[in-house]
Amino acid sequence: MKLIIAIVQDEDAPKLIDVLMENNYSVTKLASTGGFLKSGNTTLLIGVEKEKVDEVIKIIKEFCQSRKQVTTSPSLTTVSSGVYVPYTIEVQVGGATIFVVDVDRFEKI
Amino acid sequence: MKLIIAIVQDEDAPKLIDVLMENNYSVTKLASTGGFLKSGNTTLLIGVEKEKVDEVIKIIKEFCQSRKQVTTSPSLTTVSSGVYVPYTIEVQVGGATIFVVDVDRFEKI
Amino acid sequence: MKLIIAIVQDEDAPKLIDVLMENNYSVTKLASTGGFLKSGNTTLLIGVEKEKVDEVIKIIKEFCQSRKQVTTSPSLTTVSSGVYVPYTIEVQVGGATIFVVDVDRFEKI
């Protein structure tokens, strides 16, 4: 038995938890903040058989992949020939940090 | 040294923490939600000597045992000879998921 | 790879997280309450290379050392020659509980 501790972005968490539960994985959601990833993040505890670790990590990678989001910043503008042009800025979103630890003993009561 | 990560139902947590502390176990309570168990749950971190793992699990089993609660549902009624009869429904409460992991190093400062 | 689970006092957490991040450690902050330490506390997850465990523990010890704080209690006073004298009371603050667990597998995506 292994315990997967996954720290993911808040916005990726609901979909990921859904998919994991549809695949019959048990997930516990802890609230967490900052550090590993810039914005708010969520820590998940997922207990799985050793043989399932790869599949869970594959699912996390699929739903939490690091990606760029283009967003327009209303506060940053350039003046070009008298016209204010909003900057578009690229923001890195997604990503995950995953720790897999061995479980000595597992009990479900 | 072992670290016991126990996910229990919110309603069972206060009594369990009380009993563990009366037995001189140190308990840290993390907020957690959904997943392993249907309703709100609480994650506890309990650091113990290897020899004490059995006793802690026994205490958790005693205070978090899975049990059925009969409750009347006001929204579900049957009409029997013109009389509204409230349904009684059985709800599963309690239960716990316990992970025991080995601790390489433990420091209390 | 090791996962350091550190439970520290709320008031020591911000400075500690700052210093750890300035030293390029990734920190995830979980909310936690009571138990190991009397007042509100914070649980940190810090993933580090085996060789860095000592340094992280040294930093935690430096910023979370157990110490006495002298505080005046407005509710406790002695009357001495008609003058109310506030009691000063010593409160134990700081302290930390640290678990280091081995990480089977670590992924950052």
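To keep things simple, chains are lettered A, B and C as they appear, and every chain counts its residues starting from 1.
The rule is short, and it goes like this: a contact is a pair of C-beta atoms (placed from the backbone, for glycine too) under 8 Å apart; a residue touches a chain by one contact, two chains touch by 3 or more.
Please read all numbers here as calculations on a predicted model, not as lab measurements.
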### Query
What graph shape do the protein chains here make by touch: line, ring, star, complete or other?
complete
### Task
For copies chain B and chain C, work out whether under half or over half of the interface numbers are shared, and give different or same accordingly.
different
### Task
Starting from the mean Cα coordinates of chain B and chain C, work out the distance between those two points in Å.
27
### Summary
Shared-interface residues of chain A (touching two or more other chains) are 30-31, 101-102
### Query
Which of the residues in chain B come into contact with chain C in the complex?
1, 3, 17, 21, 26-31, 45, 47, 101-109
## Note on the structure
Given the complex, residues on chain B that touch chain A span 2, 5, 7, 30-36, 41, 43, 53, 57, 60-61, 64-66, 95-102
